[in-house]
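Some structures to go through are shown next.
Across the two complexes that follow, subunit A remains constant while its partner is subunit B and subsequently subunit C.
Let's look at the complex of A and B:
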């Protein structure tokens, strides 16, 4: 199977982050809504999986999930303003 | 002294909302009976969510809140 592109995995991570954020907003005003709580758990898991998938393939998304080897890899990726077309 | 709340129909004076969103008191209110000049925000329900990719495109996971204001009438 072809390796998913960086953009694809990043997009998937962003999609899950957004979904979880919107569920969170809903839960602020509906703290006992069981269906919403179940979705929160589901999308929290999906977001973690998306983050892991990206990190495994293309490096850390945040400075607290650098896989430490013998080298600090956080600054190896292009920065957000160094967009590659 | 006449109080605003005395003029709200009985249906609007339900218990404060605590249960999951299975009903909405506003559904039972005849809007024409409500006092003038008061604003109402119907309580949102958990229903008909967008699938994730579409949600990000639309800017909300709730189709019921997907109301793009385009400055013109939408079809």
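Let's look at the complex of A and C:
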């Protein structure tokens, strides 16, 4: 199977983050909605998996997750506001 | 505190520069109903909000507005990055360029600098939440107006996402207002200011 592109893995991560952001806001005002609570659990897991998949292939999403070699690499990758060429 | 996440909340990939669009979209960075104002409005209001649930809502929405500010700035940056001097002059962006080159600076479409006078933190839960609901609608109208002028789907797509979030936030703030009112006397919601008049007395006083 071909390796997923940076764009595909980032897109997958963004989708999971968005589900979680939206359900989190909803839960603030609907704290006992059982279906929403189950969605929160589900997407929390999926977001974690998506973050790991992206990080393993293309590098960290957070600066506390940098893989240390003999130099600091956090700034090596493109910043999110740059167009993906 | 906050931590930086190396991803946009919604992707921005614009292949064609367009100074004219950048000139008007920048208003959602530093304009009266822009994302910078939105984030500072909610994040300032939350400290004195006595109802935990609503303070949480202000924190989460204020945080999301910072992510929206980053999306708007990414759009303006990508629209202006490869402009020629001729394009800058023809579009009228030269008046911005002389002061900021192609750096991002918070201003309205009219050129008016960002100002905290466009937002309020009143220290009254009902007043602030009604302000917040109005702010979401004003931002939604601004995105509607931007979309009237912009044809490029690469630019429209993230703007449509941001517009949709204004509607969701309006809904959530409406629910926040209901939560506040549930704590108050339904015969007169305005009898007291819950942020000031319900404070616990100090020890010894």
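In the analysis below, the second predicted complex is superposed on the first by the 82 of 85 C-alpha atoms of A that agree within 3 Å, B and C clash if a C-alpha of one lies under 4 Å from a C-alpha of the other, contacts with A are read in each partner's own complex, and residues count from 1 in each chain.
Everything that follows uses one rule, which is that contacts are C-beta pairs under 8 Å (C-beta built on N, C-alpha and C of every residue); 3 or more make two chains touch, one makes a residue touch a chain.
No experiment lies behind these values; they were computed from the predicted model shown.
In the superposed model, A:69 makes contact with neither subunit B nor subunit C.
More residues of subunit A are in touch with C than with the other of subunit B and subunit C.
Looking at the shared chain after the overlay, A:79 reaches subunit C, while subunit B stays out of its contact range. In the superposed pair of complexes, A:34 makes contact with subunit B only, with no contact to subunit C. Of the two partner chains, both subunit B and subunit C are touched by A:22.
Legend: residue contacts after superposition of the two complexes on their common chain; A:61 is shown touching subunit C, with no touch to subunit B. Judged by the touch definition given at the top, the superposed model places A:14 against both subunit B and subunit C. According to the touch criterion, the shared surface of subunit A, contacted by subunit B in one complex and subunit C in the other, consists of residues 14, 18, 22, 26, 29-30. Contacts from subunit A toward subunit C in the complex involve residues 10-11, 13-14, 17-18, 21-22, 24-26, 28-31, 60-64, 77, 79-84. Chain contact summary for the complex, subunit B toward subunit A: residues 18-21, 44, 46, 49, 52-53, 55-56, 60-62.
On subunit C, the positions that touch subunit A within their shared complex are 3-15, 53, 56-57, 60-61, 64, 70, 73-74, 77-78, 81, 168-169, 172, 175-176, 179.
Contacts from subunit A toward subunit B in the complex involve residues 14-16, 18-19, 22-23, 26, 29-30, 32-36, 39, 43, 46.
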